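The structure under discussion is supplied below as structure tokens; questions concerning it will follow.
Chain naming follows the written order as A, B, C and D, and within any one chain the residues start at number 1.
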């Protein structure tokens, strides 16, 4: 098959999966009032691969099968592949009004990481994981499967190891080994897109010690597998009012608490089973691919910030003020540093012995770190330029009302020639992006998605060659 | 009378005032579903003045009348008065769960400014404003009136003067002078608390040139004056769910677009009428008192940030992590710098010839600037410590559900001994304060309320004695 | 006596003390080419106390003796004393061209700390230290003695305790106890002003464990005591050229490595001898007074930065550029935050049971922290405004040369009417303060003097009432 | 010829050029005590091109002549050339102990800019500049000439245009046009390396208006041309003591005030003569190449900062402290952001119609801006980790002295096993790099070399496609 249509994708979601939302189990997710918005949003992924204007970027002819497939499934072999991958992510996010799709991006990050790690585990431990990973990868590619990754365990007390916790289920673990597979129990937090993808890939969240070997587990299951239960979070989902929420009324991302209530996973879908030494390696390898994805989808939102600020500066008549120019320059500096470092990470990728290209780790983490560490400041610059009316302006119903509408039109105009309503819509854009439940979601996402700031700092310090720098200092002072 | 009860205050609001909210004119504001929450919130002001535990701070015996009055009406004569005023504001805000009341704070800031400026105008222009101001001040004090201040004009194109605008109504102006008063037209943006105060004080928003003399106008009117129409903003008002919104479900602030549709103001309530040279002076003088108020009500929210972060650090088991300690230290640095500089502004106040104490201008602006310039960073620190579950956690209905509740309880626990629900409530607190429509409102408020960052920078540069510093440099290099 | 003259002070330094400088032992320090500059600089202290224009601030009539004494020796009993102390320090530093004097400031900080701590130790351990401290304080006051404090031990490997080090002498310790006194050995780093004060007060640098009790030692000795040897650091001391170094050619501070080569200290000068539990308390108590001193002497340098930047902006013709105004505003914000918080620390002091006023610890540390944490940024703003000629301009000899002088005068002019030489002198001022060996000294001083940034952060976290904040959060979410 | 030896280069400098230093005209610059250090430093350029270990990078076979030439003269035609150029600059700077050489880097930046601009001017104005530029480029390449660029005029009052100044000579201008050439007058500030290069290239410093056409001038002259007079700045040149100044005693950069006292330039060396419309274009085009050079030579100093900080952390026993790890991580973030963005600028270069590759302007400016905007903070981190002994430690003569040496060795040790002298040398490295006259030079250089921070901000705002971003915002709110 290779490429599915958006309609096929949506139809496939009606498979009996168990999703809870606001206290109730829901039916076909694509038809749900709130969650359906997210489904429509991500369906763009399938449309783009078929759209003549975008197919060259989003689709790819698999040499093995000769089929046209989603390019996400192409394992990167060098800079060009990584740049195209970055471009796909940036373009689709931009077309999604700055909200990333993520139904294949993260999943393939996991597939690439599993590809690398399974080879090593097989070699060290005599296992046969790599062929399973390859088969699963081929299956997803051929069937154009959408994927979510469940990595972050719920963790309980974060200062304790898995087996030191109050109960054993704060990290997903193997509770039974059978001939034909394993049974797993536990829960993963904030699994993005889980309600509307086909497959869930599960990865360990941290390094594991020997006594916790049963927590060293990785596998993939269809979302409708018995025992998989999703509790979808309502946060970040404002009422679907287009005027008040020009972006989030049509574009959304949903995360779940993903429960594995004694889920059976057949052997061919198990990619790590107790090889505890490899758990941290797998967690980290995934993250390196994943942070490249992360840094790739951030610039459209930043560009939207620049645009919204510049537009309101114009509407308010302050576009020539020196402080406004200064703040817009800073927004550009912010945006283009993220984008430039991400591209640099593709340019300076490392190609492994097996031919897989890994984006430069330090540069990838820097890109993500710059984004995350300055996001709230960027929000402040946009809000500063936009002005207080962002949160003290009228409701859409006041605008429509015959009594109050004329007052609003008369009094809330800005620069001559700009309709008052356009100006109000621009305020609404800033509020939707930065000062609403969706804006709050974006703030948390900036800091915590793809690992918190601290994890990026740890990686940067670990991967930079500090000894080389110490040698420079020693040489300068004549010390060996 | 001197002191009114909260019940008397609420009853007084049912006076035929014209308020629109979400497209409809509403009736008695105190009984309105959404706006009534704000009324209940601010009613605390009256309760405190009668509460034996707080009366010493919040009430004050007026020497002239011998009556016990709200201390807000006491004109400050020195450091002690300013410190008590600061303390009143901080205490009432803290008791209001970090949401300031503002139904007398800003109004009395305006009364103090009018006191100062009217004396000067009377002297220069031979007018009789000061006695009117005094009479109005006495009336408010005696009747325990609540007050809002409408200052910021809607402004249209901000690069143009009032008379250069597309139409003449972007700034409130006098359209008719009668023997017994004036008629005014125009609109003011974001008038805080307007729907639920007794009186509106109107001040000019900027310096005025001679050709714009009709825009140099200041006055006070009861909110139910014919022609006054309020369009209340719905933003910052989330659904009143206590679990999801522990603070904002009970504590709110409402702003309005305040329309003056040919409103008649009798002479005794007019405080400036065309004396254009005084408009900027009045605007600035008000702002200096008002920024002291502003800097006084910020610390409780900052303390709440510290507390929420520290509590979640404990619940998550990370309170000893060095980066957590670092971030909490930075939150303290942020908070106490604001508080310390505000207190310093009271200590270093200037007492005018007429005996009124004005807080130190540079220190006041520094306090406000530190708060505003670092607010978003503070939000980031809190969100960083709290974790991603702030926006990916479950709905209250999921917690209550028999199907999902047990999963949530089991999997979303943190440190041993802390009930899961407490941890969820703490996440909700962080989301309510920082990552919701209310959180967004707080962000905009931080930057724009009481003047934007740029206005504080201008004031700081203008009021610091740079020439003295240049003399130090000249002296050091032997140049005269 | 009470007050000595500058001449008496200088004469008293010729007492056989052992000072090494650039590899040689020097004679009378007041007559030394380099160190003599520092002596002349600090002699200002004695001049001010006798100068009618300054005596009211710098001198004080001791009620006990009726003598006029240096106000530094007055133990603060409340806000007014602390404010006067702060003012003395700021004024004398300003008159010293932004270089602090420090020959009594730090010493009296130590006396105040010893006063507090010795009372507690006497009470707990039955010792008699307080009377010794008082006698020494009285002696210093009466004889107008100048004082240095040697606190920071050389420390060796900072991750090890005193007794874990490679040799026992990395911290000053007692090597012999005699009936009439003790013998101490060790060395203290960066003892400011040691070569030109009368007395050295020694304090422990950290908390001490029981096994290290011999390191818990405090005492005072005259600088010429046998075994005391000072190795004066040459850094921060540029050639004494007034044109190139308008400030540092006349104003300097000298630090020493202070060696205690088996120094005998008579009992009456011993203030702690093995009471290990009190070592950390003494170290910290001193630091709290000392950081108040620190924060008090910083503003004059900051004001000089503002002045130098504003002067060069004028000379270069850029004083109206928006970025220049922005940077000067930031310099003011920096300066006045430090000054305001220091004053606030005096206002909010704590008066102990014994009547001694201790500046507010959190505010004092905030003031110091703000200074230290932003100093390099302040330097950058000044250098940015000043321009590259600060380090690419001509030598004084080029200016004086008949061949090159006219070229320089012609080409290096700035704003019309400003002599070229004045402009060059202004560049030299910026270079001297920020981009010279003296400027480098100032940078290190900003970070490390009076404890590094990290120590201030630890103190702020320790002394702020975080539990109170957690209660606010708990209350908001209804958790006990 | 193609490649000269270092000896040939040095011999060539003895050509009668006029250099003043500290008030005196000097003779052969290569043999001068102070300036000779800079000559030895830059001679490395010639050594590297002949060194088998480096020749592949530093030399290049010119296809036209078949000669091996310095690679600096190769006009970049794509990413690979730019990356090699960046690599040459980084490697030679690293081998020069973090001090850049700059005797061909800037000069060829100017040649590339002249190549581009002369083509356009010839086309628009019918001039013949391009052939002259090409001939000069070929000559320099063939003769392996070293080059300096004199761009920044002395400017006088910066708020005035050239012809508005107090005298006409604040910008270099044409005072006479002859058949065979032009006569120029004026002076350029901070011309780096001028005393020890063969040729001076002169470029305009800003856009020029029609009335100032005589200021639109560009040309090249040998340094020994009559009328060219250099006043070398002594700043940044500490005494040549290797112990105290491990880097700057051997590696230096010298800037001059470069005077053109009616200098005749023959026609074939004139590249712009009154075509005022092109002046700004030439100034900007040069700067774009030049900032790429700038951003290329910064990382070795940053790496040296990382190394010095990490080394002292180890010597002091604090390498595992969390704040130390945090600061080293920030230093890495700083360094690698600059390097990554510079490489990205090469990757994303623009190839002109004529085949010349121009590094991406926004990314180049971002790289330079990040370096400059955070340099002082980086200095602070290094000094923070190093400790106060950087400026309070002993002189070399104290270390060598028999009296004091043993004390120093005993007391100033750090981590066991590290010789005290090594630790002192490490302190000296930090002081030399950051807290000395050389350190001050580095600070000013960071901000002002290659254009100040403000110029980078202007370029970033001008070159980013803000309209594209506004379109995104308009699209999101449905506004055309």
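The rule is simple: contacts are C-beta pairs under 8 Å (C-beta built on N, C-alpha and C of every residue); 3 or more make two chains touch, one makes a residue touch a chain.
The structure presented is a predicted model; accordingly, all values stated were derived computationally and were not measured.
A.B. asks: Of all the other chains, whose mean CA position lies farthest from chain B?
C.D. replies: D
A.B. asks: If I superpose chain A onto chain D using their CA atoms, what angle of rotation comes out, to the nearest 5 degrees?
C.D. replies: So the copies are related by a turn of 180 degrees.
A.B. asks: Quick one: chain C and chain D, Cα centre-to-centre, how many Å?
C.D. replies: Their C-alpha centroids are separated by 39 Å.
A.B. asks: I'd like the Å distance between the centres of chain A and chain C, where a centre is the mean of that chain's Cα atoms.
C.D. replies: 52
A.B. asks: Return the residues of chain D touching two or more other chains; collapse runs of consecutive numbers into ranges.
C.D. replies: In chain D, the residues touching two or more other chains are 323, 326.
A.B. asks: Using the touch rule from the top, collect the residues of chain A that touch chain D in their complex.
C.D. replies: Residues in contact with chain D: 94, 97-98, 246-247, 300, 303-304, 306-308, 310-311, 314, 325-326, 328-329, 332-333, 336-337, 340-341, 343-345, 347-348, 362-363, 366, 369-370, 422, 425-426, 428-429, 457, 460-461, 464, 466, 468-479.
A.B. asks: Which part of chain C faces chain D closely enough to touch in the complex?
C.D. replies: Residue list for chain C touching chain D: 20-25, 152, 154, 156-160, 166-167, 169-170, 186-187, 189-190, 229, 231, 233-236, 238, 255-257, 259, 261, 316-318, 320, 323, 375-377, 379-380, 383-384, 387-398, 400-401, 403-404, 407-408, 410-416, 431, 434-437, 439-441, 443-445, 447-449, 452-454.
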